[in-house]
Structure formats: C-alpha cells, structure tokens
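I've put the structures underneath this note.
First chain A sits with chain B, and in the next complex the same chain sits with chain C.
Let's turn to the complex of A and B:
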C-alpha cells in the first residue's frame, strides 16, 4: 500500500470514529439505539468470521455464546451486585469457557458434522438455562435493576467492534491466520505440513467466543430483561452468517460491510413492509448466495486482486 | 542406523488388506523408489508413515523413535515431508503464503527463504499470485518447495513426475538429486519407469500390499515376480 493511500484511509477511519464518538451528543434515541445495534452486529459477525470465515468450520450455534454471556452478565449484576462493565468482561470469560468445553469434542468433528453439533449445542444450552430456574429465573426470565446506561453501552459496544476489527486484521496478516486458512483450504495437507490443526481450530474458536459473550452481557444490561427465547434464537446465528457471507468471509471488512448493509436493509424493509419483511429478507439472502457466493468484498478481492485486509 | 525403518506394517480397510506385513529400511542420503501396480498399497504405505492412517500392526521408526502412533503434524515436525498424488496446495493462499504457513521463527527470514525457493523453481514472479490460479505444473512446483520449507530429513514424493512436462521434469529430478546430495533421504512413488530407473538407487516393489522385491533398478527390471505383477503370467 502506498503512503498516500495509507494516509487517506487513516484519515477516513479517524473521521468515522470521531463522528460516531460525538454522535450520541446530538443523535435521536432511535438513532443511537440503532447504531448500538450495528456495533453489536459488527462484533457478532466479525467473531463468527474468525472461526467460520477463516477455518471454514461453520458454526450454527454461535448465538449460544451470546446467550451464555447475557446470562452470566445478568446474573452477576443482579445476584452478585457486579458493575455492568465488569460483568460484561465476565460474560466474555463465560463464553470462552463454554467454547473450551464444547470445542474439545466438537472440533474433532469434520465440517458438516461440526455444523450440526453446534446447532444442537445451542438447544442444549438454552434448555439448561431454562431448567436451572433458581439461578436463571427459567422461562420467566431475569430482570436487571433499572439503569439508563444506553449511552455508555454505546461506547463500550463500539469499542468491542473496533477491537474485533483490529484483532481480525492482526490475525489475517499473521502466519497464525494463514494457518487457520489452510484448514479451510485443505485440512489434510495442513496436517501433513506440520500444522497442529486441532489446536489452531480451538484457538480460533475460543477467540470467536469472546465477542459474542461480551456483546451478550452488554445487551442484557441495556435491555434490562432477558429470557431464554430472547438470547438464544437461532435467527441471531443465521443473521451473523448471512452478514459475513454478504460482506465477504475471510476478509477484515466483509463482516463490517455485511453488518451495516444488512442491518440497514432489514430496518428499511421492516419499516415499509412489516408483513412481508421475513420474506423479503429471505429473498435477499437467496439472491446473495446465488449471485455472489463469495460476498461483495470476496468478489472484488478476486476480480481486482486485492489483499484479504479489505 | 537407518533413518526410517518400516517393520511388519499391516493396514486393512474392511475386508481389503491394503498393506500386508511390509518391512524395509532407508539409509540416510539415498533415493529410494516404491513401485507397484495400481492398488498395490503404495499411497496407503505413505499415509501410514506420515500418520494420516494408523497401522493395524507393525512399527515405524524414524531416527530411532517410534512414530506410528503420532498425529500427522507431529510426524511432519519430526522431519518427514511429503507431497501428494493429487496436488494439495492451498488455493486461496498466494504461492509465497503457501510456503510461509509451514514456518516458525522470524517472519523476515521465512519470507527470504520462501522467495529463494520460489526462485529455485523459477516462480519468483508469481510469489503474490493465488496458488489456485497457477498452472498444474506450477502448483506441483509450489507443493514441492513447500515441503522443503520445513527442512525435512526424509522426503516422500507421491508421483512427482505425473502430469509434468519433460523440461520441468528434468528440473524437478535435478532438484531431487541435489536434495540427496545435501544429505536428505528421498522415497518416491512413481509410475514412470524411466524416472525410477534413472534416479533411484534401491527400488521396493509392492503387489497386493506385499513387498515382492527389493534391489537396484537393474535387477528389479529382470525380476520374475515383478514382471509377473506388472504384465501377468
């Protein structure tokens, strides 16, 4: 990359960050809340990209990390009286522990079997959360003490999104990241070349659980009330997947583009066509998969020979 | 002490015995050939040595250590590199990245070594190209030098000559001879008899999973059992 282009991109990112930082001072409540949601989707899609975009191991249960983070955070805030930022970190830790527990057996499974196992996992975790009523409130859900912290959470969620974008950049440009991609490209050859594929997958999986865990805890605090069906919906996993596929898997900015574009499309469709909203959204997904299976940036990357750091 | 000793290795798939009680030893700094008709167990034997398949019986000893229970990456990290019968480069990684992924230590050194090896097979101009966009022969060369990046003591080549034009083939064979001169040991599976006879010092012949002959190429060509295995009686 030449220096002028570097300066331009640096200045552009800085202005975007500054604009987003001062936005809550004059933005509407709806605007701030929507932007906060976009940050959340960037964090979720970016995290899913780390395991599934890089290693090709498609996780159909990633919302489990979001849900477990939400419950860990909510329980620590309500029962243990933790402050929400500390609880958010704990949400990330809880998600990583869950990832460790299930990564050990599940990442030994190959491709499609892993995807199915992850789908089952989410249902198991949701059932367990509903079952342990004493701790989680079961189907009645869990209410957090009231607090108006949306603006603070806006900043923390924004920071989380930035950290995940920066982390993705560092990983993709490192040999560790290249090794993760060899798993997607040809796992047998990677093994035969001396790459410990299991531990590489596990590392990527643990890293991919952090963001959803923290985001879950932050969302729980922001919404003030959680229940199993609200934090473990399959639709959240599907949305993460679609965002990454739309933007371009295995790239730095693909998940960001996907999160922003699909969130905006979803909001517009929902506002104008509330009854056919799922239908239209589904049609968009089908069109993307059929017309550009590599996503927008994946297409540009191949056509113009761009690096993965786009 | 041989660099690699294969002792009584057996491997079955269901009712098919792919490798049946095969033993041989490789001495350091030589080029060995492994030949046999299709389905005689050559690739399965490669897979057993490199840990992709677990032997049902027997021992495989590399530099004095048993390796038959190890995972493929552990075998590779002990100094056994291989290529595949069907090319297995990482298509969406560039040629240079294909070489970088197998390295540890300082990245700048790895990149320098990678570019040297690409230059060695005259691909330096394509370092930044996705491996999947290269021609068949170029991919074969990338796969070949990728093995060298790990600095292996023993190199297993599965049909290095298949689908490679004459000029390229001569370069490849020259490179193999140079690797031997550096003190590495090479075992190659090959159907092209000219290649085997010209390059290998000792040839092992497999038929129906059993080793039916072993010796210098000249003697092997005249061996009754070998002729029978290839042409029938």
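Let's turn to the complex of A and C:
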C-alpha cells in the first residue's frame, strides 16, 4: 500500500470514528439505537468470520454464544449485583467456556461434524436455559433493574466492533492467520506442513465466541428484559452468515460492509415484508455461494488487485 | 430423584425404542446415502421430511385419502423435488469445499421452511387416523407408532435390497466407494447423483408422512431431524449404510431410556450429549468408517 493511500485511509477512518463518537450528542433516539445495532452486527459478523471465514469451518449456531452471554450478563447483574460492564466481560467468558465445551470434541475431527454440532447447539442451550427456571426465570424471562444506559452501551458496543475489526486485521496479517487460512485451503496439507490444526481451529473458535458473548450481555442490559426466544433466534445466526458471505468472507472489511449494507437494506426495504424475510436470506445464501463465493469485497480485490488485508 | 427400574419399564423402553428407532434409521439412511455418494451433508434433509409430512396431511384432509396410502405419494413427490434440487443447485457444489455445500443446503433449508410457513401457516396440524394402543400383557403398544414402525422397517428393507441386489443399487454403492473408478466402469455418475438425491429425499418424505400419523406437524419440525439423522449416521459410522440401522435403533433406545429419568423437554439435550460423547470417544462410529 503506498503512503498516500495510507494517509487517506487513516484520515478517513479517523473522521468516521470521530463522527460516530460525537453522534449521540445530537442524534435522534432512533438514529442512536440503529447505529448501536449496526455496531452489534459488525461485532457478530466479524466474529463469525474469524472461525468460518478464516478456517472454513461453518458455525450454524453462533447465536448460542450471544444468548449465553445475554443470560450470563443478566443473571450477574440481577442476582449478583455486578455492574453491567463487568457483567459484559463475564458474558464473553461464558461464551468462551461454552465454545471450549463444544470445540474440544468437534474440532479434533475434520469434516462436517463441527457444522452439525453447531446446528444443534442453539436448540440445546435454549432448552437448558428454559429448564433451569430457578436461575433463568424459564419461559417467563428475566427482567433487569431499570437503568438508562443506552448511550454508554453505544460507546462500549462501538469499541467492541472496533476491537473485532482491529483483531481481525492483526490475525489476518499474522502467521497465526496464515495458518488458519492454510487449514481452510487444504487441511491435510496444513497438517503435513507441521501446523497443529486442532489447536489452531480451537483458538480461532474461542476467539470467535468472545464478541457474541459480550454483545449478548450488552444487549441484555440495553433492552432490560430477555427470554429464551428473544436471545436464541436462529435468524441471528442466519443474518451473521448472510452479512459475512455478502461482504466477503475471510476479509477484514467484508463483514463490516455486509453488516452495514444489509442492516440498511433491511430497515429500509425488507422491514415491510417480514413474512418472506427468511426466504430472501436463504435465496441470498444460495445465490452468493453459487455466483459470488468471494462476496463483494472479494470481487473488488480480484478485479482491482487490492491487498489481501482489506 | 431415584427411579426404580422394573422389568415392565425396561420392556416398555425396549418396545418404544425399537419403534422409534426404525423411523430414525429410515430417515438417516437417506442422509447417509447423499453423504456417502456425494460427500455432501444435506442440511435440507429435515425440511424434505417436513414437506413429506405436509403431502400426507393435505391428501388426508382435502381428499380423505387413507394416510397410509399417501406414504408412497409423498415419497414420489419428494423424489421429484430432490431430483430437481440436485439438478438445479446441489450438483454445482458436489466437488466444491465443504463450506459451499453446507452453506448452500443451509440456504435451501431456511428457504423451504419459510415457504412452508407462508403456504401452510405455522399452525400445528395432525392426522387423526388411528389412535390408542394394544395391550399385550403388561406392555402397551401404540397403534400408530407400531404401524409407522412396520412401514419404516419395510421401506428400509426395500432400500437395502435395492442397494444390495439391483444394478442401479450397485452403481450407487460403487460411486460412493470411488467416483473415479465408477466412472471408468461406465457408470453415469451425474445420473447416479440425481437418483441418490431423489431416493434420499423420498426416504425423508416417507419418514415425514409416517410422522404425520404419529405427532402434530409444523413447518419447523425438520430441523431436529437433520440433526438426529446426522447423529444416527455418526453412531453407526459415516458412510456405512448398515450402520444407519444400528445407529437408529440405538438413538431410539437411548432417548426412551432417558425419558424415564428426564422430562421430554430435555430429549434433544440427550441426543446432543450423545453426539458429543461419540465424537469424543469413538468418532468413527460403532461399525467403523467407510465400507459399503
């Protein structure tokens, strides 16, 4: 990347960050809330990209980490009286522990085992959360003490999104990231080159669980009330997948592009057609896989010889 | 909580386990066929089962057709749907990385479920055909479940005979052993892929049609069947077709046994724990890896 383009991109990102930082001072409630949601989707899509975009192991159940983070955060705030920022970190830890529990048996194996295990994970965690009523309130849900913290959560969620974008950049430009992408391209060859594929996949998976866990806990605090059907919907996983595939999997900015683009389209157009929403998403997945497997950013990279670190 | 196991309870568990196991085996055989022949895990397998269930429901409620006679109709209809899906979409990802085929069939799956929700609504529907149980000694034998068992066992048997004894069946097994060698032997591999996807979808649809007689159906019923079918083929050994039978029976028995100790709310958790344990201890399955 030449120096002038570097300066330009640096100045551009700085002005975007500054604009977003002062936005809540004059933005409308709806605007702030929507931007907060975009931050959340960037964090979720960026996290899914870490495991599925980089290693090629598809996670069909990433919303389970969001949900477990939401419940861990909410329980710590209501029952243990923790402050919400610490509870948000604990939400991330809870998600990592769950990822370890599933990743350890499933990622030792090559092939579709991991994907199917993740497909079932969400339903199972939801059933368990509903079952342990004493702790979670069961189907009645869990109410958090009222607090108007949307603006603070706006900044924390924004920080989370930035951390995940920066983390993805650091990973993609590191030897660790190269090894992950080697696993994606040819796992047997990666093994033959001496890469400890199991531990690399597991590390990527654990990292990919942190973001959804923290985001879940933050969302729980922001909304003040959670129940099993509100924090474990399959639709959240589907949306993450669509965003990353559309933007470009395995890239730094692809998930950001996908999150912003799809969120805006969703708010402006598809909100009017709620009944066919999943049908559209299913069709997008099929179309992107068949026609544009690298996503929008991947196409641009190929066409304009952009660096891999975009 | 202590549960005292009486011989009657054990017998009842065995009966119910075998009854539901045959259905698992039949549906899972379909998933195993697609995986064996194309190395594709069809996430849309459960939604195909759901469509089969709706064929039975609508034929029964609109035309009053005997539900058991609708089973072959559902299978034929979904055979066609399977062939069309393979011909238009799935064949493009057969040689692609696993990520592509998983995502593609996942996309198909959510689209099918949403189509069904729009076309059929999300209401629970049921086919009230045969109800009640036979009492044999101390054991109860649910009539609809027993009939479903007989059908499922018969169709699984026919499917195995087809694979074992007919030329097409042999061609399918040959393709799943080695596509290149099959091709060299003059087998039209693309046609075998079509046939396999059609057959697999028909097996799923048969399972769905029988399920419609047993339980209430709704568009999202399929998801758990994709998962359980996969569990069954992992239990038996992926790519090992007779393994699907053993895996199905085992899953049926374990679920019924667990229902003695746990609420039915947790039955999916039991299946899940079983999958994780098998992957941890013996990922090649009980009968070992790929033989056909």
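Observations on the structure shown:
We adopt the following convention: the second predicted complex is superposed on the first by the 286 of 310 C-alpha atoms of A that agree within 3 Å, B and C clash if a C-alpha of one lies under 4 Å from a C-alpha of the other, contacts with A are read in each partner's own complex, and residues count from 1 in each chain.
The rule is short, and it goes like this: contacts are C-beta pairs under 8 Å (C-beta built on N, C-alpha and C of every residue); 3 or more make two chains touch, one makes a residue touch a chain.
Predicted, not measured: the structure shown is a model, and the values here were computed from it.
Of the two partner chains, chain B is the only one that A:194 touches; chain C does not reach it. Set side by side, chain B and chain C differ in how many residues of chain A they touch, and the one touching more is C. In the superposition on chain A, A:182 makes contact with chain B only, while chain C stays out of contact range. Using the contact criterion defined above for the overlaid structures, shared-chain residue A:285 touches chain C, although it does not reach chain B. Common to the chain B-facing and chain C-facing surfaces of chain A are residues 184. Residue ranges of chain A in contact with chain B, taken from their complex: 175, 178-179, 181-182, 184-186, 188-197, 250. Residues of chain C that touch chain A in their complex: 35, 41, 43, 89, 92-93, 97-100, 102-104, 106-115, 117-118, 223-224, 226-227, 230, 234, 263, 265-266, 268-269, 271-272, 275-277, 279-280, 283.
Across the interface of their complex, chain A is touched by residues 50-52, 71-73, 76-77, 81-82, 84, 88-93, 97, 100-103, 107, 110, 146-147, 150 of chain B. The residues of chain A lying in touch with chain C in their complex are 52, 56-58, 60, 102, 104-106, 108-109, 111-113, 115-117, 119-121, 123-124, 127-128, 130-131, 184, 234, 238, 241, 245, 275-279, 281-286, 289-290, 293.
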